[in-house]
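Lettered A, B, C, D, E, F, G and H in written order, each chain numbered from 1.
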Amino acid sequence: MKKVAILMGSDSDLPVVQKAMDKLKEFGVPYEAHIYSAHRTPEQAKKFSAEARENGFGAIIAAAGKAAHLAGALAANTTLPVIGIPVKSSTLDGLDALLSTVQMPAGIPVATVAIDGAANAALLAMQMIAIFDEELARKLDQARIDEANKVLEKDRVLQSNY
Amino acid sequence: MKKVAILMGSDSDLPVVQKAMDKLKEFGVPYEAHIYSAHRTPEQAKKFSAEARENGFGAIIAAAGKAAHLAGALAANTTLPVIGIPVKSSTLDGLDALLSTVQMPAGIPVATVAIDGAANAALLAMQMIAIFDEELARKLDQARIDEANKVLEKDRVLQSNY
Amino acid sequence: MKKVAILMGSDSDLPVVQKAMDKLKEFGVPYEAHIYSAHRTPEQAKKFSAEARENGFGAIIAAAGKAAHLAGALAANTTLPVIGIPVKSSTLDGLDALLSTVQMPAGIPVATVAIDGAANAALLAMQMIAIFDEELARKLDQARIDEANKVLEKDRVLQSNY
Amino acid sequence: MKKVAILMGSDSDLPVVQKAMDKLKEFGVPYEAHIYSAHRTPEQAKKFSAEARENGFGAIIAAAGKAAHLAGALAANTTLPVIGIPVKSSTLDGLDALLSTVQMPAGIPVATVAIDGAANAALLAMQMIAIFDEELARKLDQARIDEANKVLEKDRVLQSNY
Amino acid sequence: MKKVAILMGSDSDLPVVQKAMDKLKEFGVPYEAHIYSAHRTPEQAKKFSAEARENGFGAIIAAAGKAAHLAGALAANTTLPVIGIPVKSSTLDGLDALLSTVQMPAGIPVATVAIDGAANAALLAMQMIAIFDEELARKLDQARIDEANKVLEKDRVLQSNY
Amino acid sequence: MKKVAILMGSDSDLPVVQKAMDKLKEFGVPYEAHIYSAHRTPEQAKKFSAEARENGFGAIIAAAGKAAHLAGALAANTTLPVIGIPVKSSTLDGLDALLSTVQMPAGIPVATVAIDGAANAALLAMQMIAIFDEELARKLDQARIDEANKVLEKDRVLQSNY
Amino acid sequence: MKKVAILMGSDSDLPVVQKAMDKLKEFGVPYEAHIYSAHRTPEQAKKFSAEARENGFGAIIAAAGKAAHLAGALAANTTLPVIGIPVKSSTLDGLDALLSTVQMPAGIPVATVAIDGAANAALLAMQMIAIFDEELARKLDQARIDEANKVLEKDRVLQSNY
Amino acid sequence: MKKVAILMGSDSDLPVVQKAMDKLKEFGVPYEAHIYSAHRTPEQAKKFSAEARENGFGAIIAAAGKAAHLAGALAANTTLPVIGIPVKSSTLDGLDALLSTVQMPAGIPVATVAIDGAANAALLAMQMIAIFDEELARKLDQARIDEANKVLEKDRVLQSNY
C-alpha cells in the first residue's frame, strides 16, 4: 500500500499535525512523519520530496506557519500530490500561512486544506490513494456514515433536552 | 483510465475553467465538464457527485465564486477527492470564494488551489490519478522539465538583452 | 402560529445558538432546534428545508462556522426566508463564516446577521412573522421601548456616579 | 398586498438598486423607491421608517455604501424587517459597507445580503411576504424551477460545444 | 469654557471611554458623559446632538463598537466636530467599528481616532477648543514636553540597565 | 480668521486634495497648500507644523498614501488639530494609508477621515474653527440644509421617473 | 565593488523589476539579473544563492508574486542579505505576496520592501553596500538632497499656481 | 567593528526587542539600545539617526506598533539601512504596524521583517555588516548549520517516539 508522508516545518507544529497521524492510524494507512524545514534544512526537505515516489509514498502532507513555504518547496521537487496545512501562529490568525500555501503559481499546485485542518489533510491523502483502492474507499465511505450517525445522535440528544 | 470531472457553478466561470480543460486535453486525460450549481440545481450536483466513482471518475474539480459552496457540496456526497477553484468575482477580490472553499469543517476536505487557479486544479487532479499511473507520472515529470527549460530560456533571453 | 426552525451545523454551535432559543421563548414564539450539518448530514438538512413550509415553519435560522454552507444549503431547498448566523471559530475571527454566509449568488438569498448574532437572528425571524401578526408586532415594539428604557436607566446611573 | 420599500442613500446607488426594482416588478409586488440619506436627510429617513408599517409596507430594503448606516438607521425606527444591501464604492471593495451593515448590535437586526446583491434583497423581501401569501410563495417556487432549468439548459449547450 | 460631550452606545464601552474622561479631568476641561445608543435610543441621541452647540458644547466624542453608527448619527444632526472612537468587540478585532466610523460619506465628517483610542479622542477635542484658547494650548504643549521627558527618562533607565 | 493648512506628501495626491481646496474656497475660508513629504523633506514639514499656530493656522490637513506618516509627523510637532486624509494608491485599496494614519499612539491624535475623503477633511477643519465662529457655523448649518434639499430633489425626480 | 543580484520568479515580473535595474544603473552599481523560479527552477535558484557571496555579490534582490517564495528560498541558502519585493498579481492586491515574503520564520530573515517597491529594493541594496563604501554613501546622501529639492520645487510650482 | 542601533518607540516594546539584543550579544556584535518615539521625542529620534553613521553604526533596527512610523522617520534622516520590526498591539493583530512599516514611498526604504520578528532583525543587521566582514559571515554560516542540526536532531527524536 502507498504510504503517506507527513512533514512539518518545526516541532511546534506537532500538536496540530498529531490529528493527521491519528486519522491515518485509525484507517490503518502507513505513514512516515518528519520535521524538515524549507528554510533551515532545505536539502533534506528537497531530497525527501524528490525520492518520495520511488520510496513508496502516494501523497505528501506538509504543515507550516507564517510564510509557509514547506508545501510549495516540496511540490517543486515532486509530481506526487502535496497537501498543505496552513498553521496558525501568534500573529495574523493564520491568514499569512493560508495565502503562502494556497496562492501557488501555475505549474506547481498545492492541495490546501483549512487553517490547522490536519485531520482533513489525512482524509484527503487517503481519498487520493483510494482512487485505486476499493477497500480504502469503502472504509472512507463507512466513516462518513459513522460521522453522520454521530450528528444525528447529537440531534436526538438535543430533542430530548429542549 | 479514470476520468476527471469539471463542474462550475455558472457559465460565467467558463473563462476561468477553460484552462483546466485545456490542461487535461494537453495530457490526454479524459474529462467531462458540467454547469451545476450548488444552490440552483442542488439535486443534479448531488447526484453527479454521489455517482461519480461508479461512473469512472477519479477526481472532481469544482469552480465557484462568492460564497463558493459547490466544491463543499460535492465533497459532502462522495469520498473521491474534490478540488476547489475559488473564482474571483466583482467584489472582495476572490477572498470570499477562497475562504468559502478552503475553510471546510473536519471530515469533509476540499483540496483548494489558488484563486482562479484552474490550470493547477487540472494538474492536481492528474497528480492524484498518477499515484497509480506510471505513464501519466512520467508525463507530469516531463512537463516540469519543459517548464523549467522555458524559464531558463527566458533567463537566457534576459541575459542577451541587458 | 408559524414556527421558527433553528438549525446548527454542530453541537459546538449550541452556546451561540442558545441566545436565539432564549429570545424566541421570551416572546412565546414556537420553535424547533436541530443539529444538521450541510456536509455530514446533507440529506437530513435538505429534507428538513424542503418540507419546512408545509410543516408549519415561517422562517429558518441556520448557524455555522468556517466555510459556513448550512444557511445556503437550506436556502437552496426552500423559498422560506433563511437567516444565517456566521459563527466565529478558532481562526480568522469569524470573517470566513461571514463571507461564506452572506456572499450568496443571485437567486438564493440568505438574510445574514452579525457574527455570533443569534439574538438578532431570532428577532429577525419574529419580525418576518410579525408582518402579518399584529400582536407579535406590538410585542416587538414594546421590547424596543423596554430596551430604550434600560439604556436611559443606565445613563441615569452614569449621571449619578460621575 | 403588502408593499416593499426600497431606500437608497444616494442616487449613485441607483444602478445597483435597479435590479431590486426589476425583480419586484417581475413578480408583480408593489413597491416604492426613495432616495433618503441616513446622514443628509435623517429626519425623512426616520419618518419613513417609523410610519412604514401603518403605510402598508411589509419590508424595507436599504442600499448604502462606505460607512453604510442607512439600513441600521431605518431598523432603529421600525420593527418591520429591514434588508441591507452593502454597496461597493471606490475603496475597500465593499468590505466597509458590508461590515457597517451586518455587524448590528443586539436588539436591532439588519438582514444583510451580498455586496451589491440587490436582486437577492428583492427576493428576500418577497420571501418574507410569502410566509403568509401562498400565491407569491408558489411564484417564488416556480422561479426557482425556471432558474434551475436555465442552468441545465446551459449545461446542455456546454455538452454540445465541448 | 466650551464643554466636551462624551457619548457611548452601551455601558460596556465604559472601560474604554474612561480614559477620555480621565484625560479631560486632568486638563480641567468640563465634560458631560451619556449612554445613548444610535439604534436603541435614536431620539435621545439626535436631540442631544442637535442641541449640543446651544448647550455650550464645543466638541462631541462618540464611542461605539461593531457597526458603529453613533458618531455618524450624531454628526448628521450637528455641525460641531464629532470625534469617533471605534471600540473593539468580540469579533473582527475592531476592524468593523473602524470602517463603520471612518468611511463617512461626503458632507458629514467624523474625526476618527485609533481603535479604543479614548485618550487621544479627549486630546483631540481639547486641541479643537484650544484653537481659540491660548491657556489650554499652553497646557497641551506642556503635556507634550512632559510626555517627551517621560520617554527620555525611560531611555535613561534602559541605558543603566543594559 | 484662522487659516487652514493643506499639506500633501506628493504632487500625485493633488487630484484628491483638490476637493479640500475647492470646499474651503466655497466657504471663503483662507488656506495655504504645500507639498511637503514626511520622508523626503522632513525638516520643512516639521518647521511648518511647529510654526503653524503662530502663523495663524487653526487646523492642518495632511494627505498621504501607502505608509502614510505625514499627518502623524506633523501632529508630533504641534498641538493644533491635524486632520489626516488616507490616500488610495496602486495596491491594497487604501487600507495601508488608513491604518498608518488612524492607528496613532496615545498622546498624538490624528483626526482621520475616509480614504480619499478630502471634502470631509475641509469640512472638519471648518467645523473646528466654527466652534468659536458663529458666522461660519451658520454657513455650515446652511450647507447641510442645502445638501438635504438636493437629496430630496433627487428623490422627487426619482418619484416622477418610476 | 560588490555586485547586486536581481532575481525574479517570472518574466511577467520584469516591468516591476525594471525600476530596480534603472536605479542601480543610475548609481553605477554593478548588477546581474536572472529569471529563476523557486518552484520551476529550484536547483538554479539554490545554486545561484549558495554561490553568490563567492561570486562577488553583496546583496540579492528577489521579486515574486502570489505565494512569493523566491526571496525565502534564496535566503535559505545564503547569509548574504536578501531583499524581497512582493509583486501584485491579479487577485488579492498584493497582500498574498507581501505576507509570503515578510512573515519569515526565526533564523532566515528577508528584508521586505513595499508591494511593487523595486526602486526601494535597489536603494536598500546600495545602502547595505554603502555601510563600508563612503563614496556610495555620499552618492546616496546626495540623491536624498536632490529628491528633497524636487519636492520643494513642486511646492514652489504649487504656490505659483494656486 | 560597526555597531548596531536598536530603537524602540516605547518601553512596552522591550519584551519583543529583547530577542534582538540577545541575538547580537550571542554573536558578539556591539549595539546600543534606545527608547525614542517618532511622535513623542521626534527631535531625539531624528538626531540619533542623522548622526548614526558618523557615530560608528552600520545599521539601525526600529521597533514600533500600531501606526508604526519610527523606522520610516529614522530612514528619512539617514542613508544607513534601517530595519523595521512591526510590533503587534492589542488590536488588528499586527497588520497595522506591518503596513505602516513596509509600505514606504519610493526613495526611503525600510527593510521590514515579520511582525514581532526581532531575532531576524538582528540577524539581518549582522548579515549587512558581514558583507564586508568575513569572520562575521563565517559565524552566521556556522549558526545556520547549527540551526539545521537542531532541526535534524528533533526529527531523530520524532522518529524514535512515533
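Heads up, the rule we're going with is that a residue touches a chain if its C-beta (ideal position, glycine included) is under 8 Å from a C-beta of that chain, and two chains touch if they have at least 3 such contacts.
None of these values were measured; they are calculated from a predicted model.
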item	value
Neighbouring chains common to chain B and chain C, by label	A, D
CA centroid of chain D to CA centroid of chain H, Å	51
Chain E-chain G separation of Cα centroids, rounded to whole Å	42
Interchain centroid distance [CA atoms averaged], chain A/chain B, Å	18
Whole-Å gap between the CA centroids of chain C and chain H	48
Touching two or more other chains - residue numbers and ranges from chain D	10, 37, 40, 66-67, 91-93, 95, 102-105, 107-108, 110, 114-115, 144, 147
Chain-chain contacts as defined at top	A-B, A-C, A-G, A-H, B-C, B-D, B-G, C-D, C-E, D-E, D-F, E-F, E-H, F-G, F-H, G-H
Partner chain F, residues of chain E touching it in the complex	2, 53, 58-59, 79-81, 83, 98, 102-115, 117, 119-121, 123-124, 127-132, 137, 140-141, 144, 147
Of all residues in chain G, those that touch chain A in their complex	9-10, 37-40, 42, 46, 65-67, 69, 72-73, 75-77, 91-92, 95-96, 99-105, 107-108, 110
Chain D to chain B touching residues, read off their complex	88, 93-95, 114-116, 144, 147-148, 151-152, 154-155, 158-159, 162
Residues of chain B touching chain D in the complex	10-11, 14, 21, 33-37, 40-41, 44, 66-67, 90-93
